[in-house]
Each structure stands twice: as C-alpha cells, then as structure tokens.
Amino acid sequence: MTMIFGIPLQALLGQLLIGLINGSFYALLSLGLAIIFGLLRVINFAHGAQYMLGAFVAYLLLNYLGIGYWPSLILAPVIVGLAGAVIERLFLRRLYDLDPLYGLLFTFGLALAVEGTFRYLYGSSGQPYATPPALAGGMNLGFMFLPIYRGWVVIVSLVVCIGTWLLIEKTKLGAYLRSATENATLVQAFGVNVPVLLTLTYALGAGLAAFAGVLAAPIYQVSPLMGSNMIIVVFAVVVVGGMGSIMGAIITGYVLGIAEGLTKVFYPEASNIVIFVIMAIVLLIRPAGLFGRDA
Amino acid sequence: MAPLLEVQGLNAWYGESHILHGIDMTVGEGEMITILGRNGVGKTTTLRTITGIVRARKGKISFAGTDMMQVPLHKTAHKGIGFVPEERGIFSTLTVSENLMLPPVVAPGGMTLNEIYELFPNLYERRTSSGTKLSGGEQQMLAIARILRTGVRLLLLDEPTEGLAPVIVQRIGEVLKTLKERGMTIVLVEQNFRFASRIADRFYLMDHGQMVSEFPVGELPQRMDVLHKVLGV
Amino acid sequence: MADITETIRTEKSRTALSVQAGFLIIGLLLLLLAPFFFYPIFLMKLLCFALFACAFNLLLGYTGLLSFGHATFFGGAAYFTAYTVKSWGFPPELGILVGVLGAALLGLVMGFFAIRRQGIYFAMITLSLSQMFFFFCLQAEFTEGEDGIQSVPRGHLLGFIDLNSSTNMYYFVLAVFLIGLLIIWRFINSPFGMILKSIRENEQRAISLGYSVARYKLGAFVMSAALAGLAGSVKALVFQFATLTDVTWQMSGEVILMTLLGGIGTLIGPVFGAGLVVTLQNYLATSEFPVTIITGVVFMICVLIFRRGIIGEFYASRLGRKLGFVYRR
C-alpha cells in the first residue's frame, strides 16, 4: 500500500476528491455572491437558502411531477432565478440607496424565513435524492476509486464557472455588467436599461446557487439546513478571495476546498474551522483579500 | 423652425442644495452652444439635469418636441441625447474597444466604427488596452468617440479640454468642427472660452444657477470686459 | 489636534431631558414592582436580553459597526461563568467577573481581525469567527457539547445573599441591568464615545484629524463584548445552564433583530426590542408555529419600512418631536 506522509495514498486521494467537490460548491457559490455584490452592492445572505431551494426544487420535481435530474438541472435554476428576480424587483431595489448593511439584513431575514418554512415542512433531517442512473457507479483508476457522479460534479462546476467567467469578461452583456459595476449612472445615461440588468444579475446569482443545489442533492441529501451551513463558510471564502474578481472567487473556492480536504486527512479535528483560520491569516497579511481590489 | 432643445425655468437640487434657479436656454438644430461660467455656478448640473441624471428637478425640458421630464434615465439616450461627463467615465474593466462599443446605437446616422477609427487612429492602435491605460487626451477622444457611434442628435460635453495639452485641445477642436459640419448639435460647457470662441455659434453666461447673458460669437469682443469680470480671468 | 467634542451638538433639549427623567422614574418603578405581577424568570430573561441588545447597540448604533458574531460573547461568557461556578465552586460575583473578562478577551481577538476590513466585510468576518467559536464549543470538553453545562448553582452573592430565592435573584439581575445601562450611557457621553460618533458619521474626517480610528473601534468592540458577556453570565445563573444555542449565529441574528426592532442608535430602543422579541418567543413556544419564519419576516418588514424601530419612530413622530426628542440617522 503506497503511503504519503504516513497516510495511505487511497485515503489521501479520496479526501482530495472530497475537497475538490466541496471546492466546486464553494467556487460556484462565491462566484454568485461576488457577481451580486459587484453590481448590486448587496451581500446576499439568502444565497445559502437559494442553494437549498435548488436542491428542494429538484427533489419536489422528482417526487411530485416525476421530472428527473437532467431537466431539473435547468428547471431548478430557472425557477429559483425567477423567484430571485421577483424579490429584487419588489424589495431589494428599495435598499440600494441605503447603508449596505440593510441589504445584508434583509437577505438574512429572507434566508431565515425560507429556511424556517422548509424546516417546518420537512423537519431538520435530509431527504434522499437518488444519483441519476447515467452517472451512478464508479471507475477504478488504479490508484483510487472514482465515483462517477463526483467526477461529474467537479467537471460540470468547472465548466459552469468558466462559462460564467467568459460571459462576464468576453460578452457584450458582461461588458454592460462590468461597466455598470463601475458607474451605473453613466451606463444608464448611455441608454442601457440598468434596472433590468440589476434584476437579471440577482436572478443569475440565485440561479447559480440553485444549480449548485441540484448538483449537491445526490451527494449531501436535501435538507433545510444545507444552506446555512454552507453560506457561512462561503462568506469566509469571499473574504479570503476578495469580491473584486470573478476568477479570484472561483480559484479561491477550489483552493480552500482542497485545503479543507487535506486538513481532514492530516488533522481531522480542525477540518471544519480550517477555512476560518485561513481567513484570519489572510486578514493579517493581506487584508484586501488575495484577489481583492477594494479595501 | 422650432429649436431642437428648449429649456424653460429649470430648477434642480442636490439633496437640500438648490443649484439651478430657473435656467432658460434654447438650442437650434446644428448649432454649437457654449455655456460659460465660474466653477460651482451650476454648469455641470445643467447638463446632468438635461440628461436626466439629476432627478430632483422642476421646469420644462423639451427635446425634438418630447417632454424630457417624464423620460427615465435609461431612455434619454434613445431620445437622441448623448452625454460626455467631465470625468470622462472611461471604464477600467473594459478595453478601449469595449468602451467604444458600449453605448448602444439608438438611431441611424451615427458614425460607423471605421469612420471613428479614421477620425481617431490612436484609438484603433490601443483598442485592446484597458480603457484607463490611455492618456488624458486619448480618454477624452474615446469618451467623445463612443457617443458618435450611437446616432444621437444632441451632444452634451462637459469641459472636454480640461487639463489637456494645447496640442490635444486643438485636435478636439477639429473633431468638434467636423461633427458640426456633419450636422451634430452640440452644447459645450467650457472654462476655456478662447477655445470655445473658435468653434461655437452662441454663448450663454451662467452665474449663481441662472443664465445671466446670451450672445452670438460675433459679439464676443464687446463682451470681453463683462466676461473678465464674471469669469475672473 | 482640534477638539472634536466641541463640534458635536447636544441633541436633547431641556424638555426632552425632563420628559426622559419622567419616563425613567416610571420605568424604574415598573421594574421594581414587576415581580409581583409577572413570573420572575420571564422578567429576568427579558432583562438579560435587554442588556445584551443594548450592548450590541453600542457597536451598531453608536459606532456604526454591524457584528454578526455577538453570540460568541453572550454564550461564551455563559459557558465561562457556568463552568467556574459549577466545577470550580466560584461564588456568583467571581463567576460573572470571569465571564465578563472572558468575553472581553474574545472581543479583543475577534475585533482585532474584523477591524482590518471595512463595512460589510466586517460583518462577514465576525460571522466566520463566531462560527469558529461555535465549533470550538461543540468539540471542547468543558462545554459538554450538545448537552451543555447543566445544574449551575446560583450560590450566595457576596457570601450571604441567597440567589436561589427568585426575589433576590430578580433584584440582583435588575441591579446588573441598570448598572450596565448606566455604563453604556456614561460611555456614550464620554469623550471616547463622542469620538466614536464622529467616526461613525465621517470616518475620513476623524482620520484626518489625527484619531487612531482602529484603536477606537477596537475599544468600542471590547466594551460591547464585555457588556454582552455580562448579560450572558447573568443569564447562565438565572437559568442555571449554558448551551450551544447561545453561541449560534441564529442567536447573533436575534440580537440584531432586537436592536433593529427597538431602534438602532437609541439608548432604550433595544430594551423594547428585546422585550418584544422575548415576549413573542414565549407565546410562540407553546404553539407549533415556527419562530424562525416570523423572525425572518419581521426582519424583512423592519428593513423595508420600519428601519427606525419602535423608539426611533417615536422620537421622529409628532409627539416625540413635541416632547423634544431628536432622531438622527
């Protein structure tokens, strides 16, 4: 049995894979948070709830309408994104001129209300969601056993992250978003409908969170608590990465996920706080965050 | 012929501060108007209020027969009004070419990309750099150029020559003359009235949030004393 | 260096002061007579949370810093006090002292890291560090994990006042509450407090005047943490246990709600906010209706249309202004 640093190779790679998967979710979620914060200047505490909603919509679609995983990958983000658009249009936009803490508090209240509702309906335990048959099983790679679904999660989240990055950095719509982040008033004066852009951005962020939720459903089970457990860690991720850069948020998510996985191997007791510790260290040596542009 | 832009009794506020105290102004199609005045009298506010950036406003703004007071900010450009702010507003997260292509085309008759690159060859050379890597003069060119693509009929320019070297100032003057020949209506806010006197048709003199004087360019020599007094130059 | 205290205008007119004095006396009388009409435990819970909320408001309302981790100080102090009183046999006053000092220390550490970032990042950092403390409490031995520390003896205050008597305990808690409020009041009106206010209103200006803004913020943070700890310590003795619930982010959220509901930046607003929330929770505890949903909805409503809170709205209302109150935000 091959050993590295006194740990069997299989175990090390197994944990690295888990770390990579967690990192995928951290990346997807901090990406959504960064996009929303960049343009709307709102910290979307409800992001975790939207992640949870994505998983639940997939679960409900399956159990009440017989709609499976593959359509849910599209439907759940669209549904949650629409709900997000409504929230932005009706409520969030009244808060833009205020101290940003009110945006945080409003979305915090929203998160509580949504989580509370699902906790009331489904209790605290998780509902199972079956891995789609096409992705079930695993492959023996020789040095480790790779469950296919897990590999799928890593690949598709990478694709979505990079796709989102391309959308923002290389398309016209992305140019509108980036310029509106710098000077929304001027962009509006040019004739771009910035209010609609804001709604779309929030919907995009919520949709990304929901997408992550669908991906997570077969792995973590569908539980009303999955959002709040996730969001607090993701906050730490964005503090480490800084919210000024999309690519920065993505990279930081994966790196911290892997760091967490490695910690689980070598020092398991610290694994659920290692990201916070890294955050504290980063705050000491580079307060603006690793990729941060604003102070 | 009815004026293209008609402003009557325009009042505007920044929060509690009452900046514009009843501005009256008309601009005919194809004219180039310059608003002169000291710092702080409300010249920039006038442009921003006409554009619709300043929403705390009362009075009448009529553009090509449309009542602009009811038009939301993101529709102003579509009515045909283009705005180049004092700070130029070049976006650092966009390349020069992205900056150039950003404002949507709102009407036919705007310049094509080729025409713009002919007028501003250095923008073509620097088209993949970040917008803010350009010099002040080049940024000013970019700020004007990107509006020219859109097909607006009225161009509002806030202090385009501020802080620029004489060579660049001359270049901008040439650009504006070319635009005027193409039929563009231009309202210029300028402190450099020597620059303005070479290209403008008419002047408005502004003080304390009101227009105190209006005269064609031909009368400029007679007005120099008043100008010296009011502008403090 | 200009004396910034001179530029802060006094906000209350003479009428307001005498009206406030009147309200104060009435309030004091009510509090003194309350245990004859209401359950002492309920009242004590109210007073503890009221102090917690007032301590929190010191940071949010008066310094302009939103902390999402105040449960760490509240619950942490509860643990420290519970442990020392139960396992080391400390008398109650010493146990409370340990709790307060422990909370102050935690405040120093958390504040040190959080202050390195501005605004909204500050809130996220406090949340993360607080979560870290939660995990520590979950796993540490002395907190006894999910069970919490139970059967904490109340002991004898100063050696002879038996705190097992509800009456004695109530008046002790009331005294602590009043002292805490007094400390906050003195703190706000001190030169230190005035500088905090100027930092909240215009940080750049305070920096340009030469004030070490980070140090003042940290000072406010530690003070707020210590007072929150005081509330938590006393609560541990009132209920005679310390649990994980007190160090969760939900608890941090609750105290924010109390302050928001009562009135950010008013001295007694949080007292009313705490009163409302605690009373509501009491009623809902017996019913099946989930409290989190209501908390969430109230939060959203408050942020949208009730930002000034109960006392803030009163100060800004016709009656409030007639009585000479001013609410500036």
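Read from first to last, the chains carry the letters A, B and C; within each, the first residue is number 1.
Throughout what follows, a contact is a pair of C-beta atoms (placed from the backbone, for glycine too) under 8 Å apart; a residue touches a chain by one contact, two chains touch by 3 or more.
Computed from a predicted structure; not experimentally measured.
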Distance in touch steps, counted as few as possible, from chain A out to chain C: 1
Farthest-lying chain, centroid of Cα atoms versus that of chain C: B
Pair of chains whose C-beta contact count is the highest in the structure: A-C
Chain ID, smallest distance between chain and overall C-alpha centroids: A
Between chain C and chain A, distance of the C-alpha-averaged centres to the nearest whole Å: 33
Distance from the mean Cα position of chain B to that of chain A, given in whole angstrom: 44
Centre-of-Cα separation between chain C and chain B, whole angstrom: 54
Contacts with two or more other chains, residues of chain C listed in rising order: none
Junction residues of chain B, two or more chains touched: none
Residue ranges of chain A touching chain B (in the complex, touch as defined): 172, 175-176, 178-179, 181-183, 185-195
List of chain C residues in touch with chain A within their complex: 66, 113, 116-121, 123-125, 127-129, 131-132, 135-136, 139, 249, 253, 256, 260, 290-300, 302-304, 307
Footprint of chain C on chain A - complex, ascending: 37, 43, 91, 94-95, 98, 100-102, 104-106, 108-117, 119-120, 228, 232-233, 235-236, 238-239, 269, 272-273, 276-277, 279-280, 283-284, 287, 295
Complex contacts: residues of chain B adjacent to chain A: 51-53, 73-78, 83, 85, 89, 91-94, 98-99, 101-104, 106, 150
